[in-house]
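Here subunit A shows up in two complexes: once beside subunit B, once beside subunit C.
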Partner chain A sequence: MPCDAAAVAAAIRAAAAVITTHRDELVRLDQAIGDADHGENLERGFGFVVSSLDGEVPDNPGAVLKLVATTLISKVGGAAGPLYGTAFLRAATALGDAPVLTPESVAAALRAAVGGVVARGKAEVGDKTMVDALTPAADAAEQTAAVAGELAEVLRAAADAAEAGAESTVPLIARKGRASYLGERSVGHLDPGARSSALLLRSFADSAAGA
Partner chain B sequence: MVVVSHSGRLAEGVVELARQMAPDVPLIAAGGLAGGLGTDFDAVSDAVAQAQSGAGVVLLYDLGSAKMVADLAVEMLGDPSDAVVVDAPLVEGAVAAAVAAQGGATLDAVLSAAASALTDLASDKPVDPEDGLEIVLTNAVGLHARPAALLASTLTGLDAEVTVSFSGHSANARSVLALLSLGTTGGDQVTVTATGPDATEALRRIGDLATHNFGD
Partner chain C sequence: MKKIVNDPADVVADALRGLAAAHPGLLRVTEDPAVVARADAPVRGKVAVVSGGGSGHEPLHTGFVGPGMLDAACPGAVFTSPTPDQVQAAVSQVDGGAGILLVVKNYTGDVLNFETAAELLAADGVDVRTVVIDDDVAVQDSLYTAGRRGVGGTVPLEKIVGAAAEAGADLDTCERLAGTVIANTRSMGMALTAPTVPHVGEPSFTLAGDEMEVGIGIHGEPGRRRAALADANGIVTALLDPILSDLPFTEGDRVLLFTNSMGGTPLLELYLAHGIAERRLAERGIAVERRLVGPFITSLEMQGMSLTMLRLDDELLRWWDAPVHTPALRWGL
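Our next item is the complex of A and B:
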């Protein structure tokens, strides 16, 4: 089944449900080393995204992601709004107005999204942020697409790498964001942004596998 | 100018403080999210639109995501070149930028006033008082907020490095914060030195201000 605008919109809805399911977990993670707003902000933002998609489903995957981006930017306070907003915006730009997703276009969109997050937040791998989940995810997606993997395989590889990357933040000292004020005390905690990035990618991979 | 903060009260407070010395500069607070803590992209975008007067907009921010929201708001403008997010200490930067803008400084000069707000604080370096203008502050409060702002703004447009020294400390005369940090009061004697093409005019203007008790 081709992954068109309707399929992408359905995947976004599924991701919104996953964020709601994991809201309290994200709140707890952010309470430990941040300002405790990540779970609530993301849930509220994706709630508005779902409302936007109820009103209209744009006619190509890139336009769907652009709608997600503008809604998150405008509705999510905290770092998650500008970071995920920029990520989805760059992904949308990378996809252009192509009618369906391909393994290669998804890998390119993910790479563009990571570039946006890095440009916006100025974090690098090892700073204990969502970049630690997203960068290996983009690497894995490109590698899988390069050996002619299917779309679902590309996203599964990205999700696997993102989960491993998120876990890798536990022993790190935070160097960006609110957690960086904690210094050594941020060690031993999973970064909430890396966790939510892994959750989103796993949800996208599950949607692609079920499509 | 737009002050972007996670806290509505913090943004309002910074604006209140800066406005005391820059009553004619449009200063807009964009703080808080939905009545609580957070940064609100729509509110920041609206504030930038409200602050537009044709001379450019300077945005100051408190913590990380406030900078990201400010950056995004500028990028989404039709013409992003006339709004700039400045990396500066929020309180000192806002006051320094507001005073510069009140004195009619260009956008670049306002940005530089904000960015150098911390380093402009009075240095402990002793100065050689052998030349320059000796001034006894005959007004009641010394170089306090309003007199300091007057002194800094009277130098607008002059090509001169002007230093005010008091009690072994020196301050850049264009920096209100540096002047305040000298801690002068009425009756104190300060030394003003100037270098550069307009040094003589700078000393004349400051002497003139002092003669008129800084408007008191």
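Our next item is the complex of A and C:
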């Protein structure tokens, strides 16, 4: 089944449900090294995203992601709003107005998304942020797409890499975001932004596998 | 959790309605996006000073809206920065044609959202400048952190720049003045208890009965270090010494001393601490010329305090003393 606008919209709805399921987990992770708002803000933001998808059905995957982006930027606040908003906006731009997703276009969109987060947040791999999950995910997606993997395989590889990348933040000292105020006291905690990035990619992979 | 709330999801909106009801004629509160503006905005020909940040720090920033201080404030969700569309909406309400000064506290989310708003406003032809306050000496300013946080110094910054704007200073002057305040302000805070964010429902961290958190921020994020609970003398020393050595403040300096409650510390204890700080500064030959004591930048119900020192010159003193009429600061009228 081709992955068109309707399929992408369904995947976004599924991801919103995953965020709701994991809201308290994300709040607890953020409580340990931040300000306890990550789960709440993402749930609120994706709630608005689902509402905007109820209102209008954009006619290609890129337009769906652009709607996600503008909703997150205008409704969420905090760091997560502009960072995830920029990620979805860059991904949307990379997809253009193509009617369906391909393995290559998804890998390129993920790479563009990471580029946006890095440009906005100025974090690098190893700073204990969502970049630690997203960068290896983009690498894995490109590698899988290059060996002619299917869309679901590309996203599964990205999700696997993102989960490993998120776990890799546990021993790190935070250098960006609110956790950086803690210095060495941030060691031993999973970064909430890296965790939510891994959750979103896993959800997208599951949607692609079921499509 | 025991709090005076209905639905925790509606805390900010419900509180804004109460704020509007409490200050008719002074404030104009609009919802979706949430903006608190002075009732007589826009003031033609005046630089508009706009700030904002997460809610939960009241009276900052909404309580500082009014003649002589802020033209508008954008309250975000609890401990969450406002969104770019809130900032744009605020600016559209208060733009008097002489430019906009955005006052931003240095946190990743605040900077990102105000930066985005400033770009969008500039693209619409608005003359907008952004100043970022980062006065917290508890955080090392290095490549390895998000930089120092904006804390207590935000209050004198908004007062002083707001007074200059009210008196007709142009945008360049307001921006330069903000730079002077930021360069001469240092703060440090501590906590005895943690705040409870309404939508979380439990304290942000736990402290044993004989512990305190030193170098705390204003969002329930833990501080730089946990220490054995000290008496008032020890607490004031733990806050004052890093402030004094950082700028550094030296003998002969004239200062504003701002002793702030984090929300849960009563005035009895705050005045006690303020008296100690005044004595310490007198011993060092530092002249406290102006004071502010009370809960002005808080972290919900957190028990604790912060000290802020601003090195004054005649210009800063003049704008600090200028008339102000807001819910939380009111003098010279």
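Descriptive notes on the structure:
As a working rule, the second predicted complex is superposed on the first by the 211 of 211 C-alpha atoms of A that agree within 3 Å, B and C clash if a C-alpha of one lies under 4 Å from a C-alpha of the other, contacts with A are read in each partner's own complex, and residues count from 1 in each chain.
By definition in this document, contacts are C-beta pairs under 8 Å (C-beta built on N, C-alpha and C of every residue); 3 or more make two chains touch, one makes a residue touch a chain.
From a predicted model like this one, the values you see are computed outputs, not experimental measurements.
When both complexes are superposed on subunit A, subunit B and subunit C clash.
By the touch criterion defined above, A:Gly183 reaches subunit C but does not reach subunit B.
Legend: residue contacts after superposition of the two complexes on their common chain; A:Arg120 is shown touching both subunit B and subunit C. Of the two partner chains placed by superposition, subunit B and subunit C are both touched by A:Gly77.
Subunit A has more of its residues touched by C than by the other of subunit B and subunit C. In the superposed pair of complexes, A:Asp35 makes contact with subunit B and with subunit C alike. Of the two partner chains placed around the shared chain by superposition, subunit C is the only one that A:Arg175 touches, whereas subunit B remains out of contact.
Comparing the two complexes, residues 35, 37, 41, 73-74, 77-79, 81-83, 120-121, 176-178 of subunit A contact subunit B in one case and subunit C in the other. Chain contact summary for the complex, subunit A toward subunit B: residues 35, 37, 41, 73-74, 77-79, 81-83, 85-86, 120-121, 176-178.
Note for the complex: subunit A touches subunit C at residues 27, 31, 33-37, 40-41, 44, 73-83, 120-121, 173, 175-183, 185.
Taken together, the subunit C residues at the contact with subunit A in this complex read 54, 76-86, 107-109, 112-113, 116, 138-140, 143-146, 149, 197, 199-200, 204-205, 217, 219-222, 224. For subunit B in complex with subunit A, the residues that touch the partner chain are 33-34, 37-42, 63-65, 68-69, 71-72.
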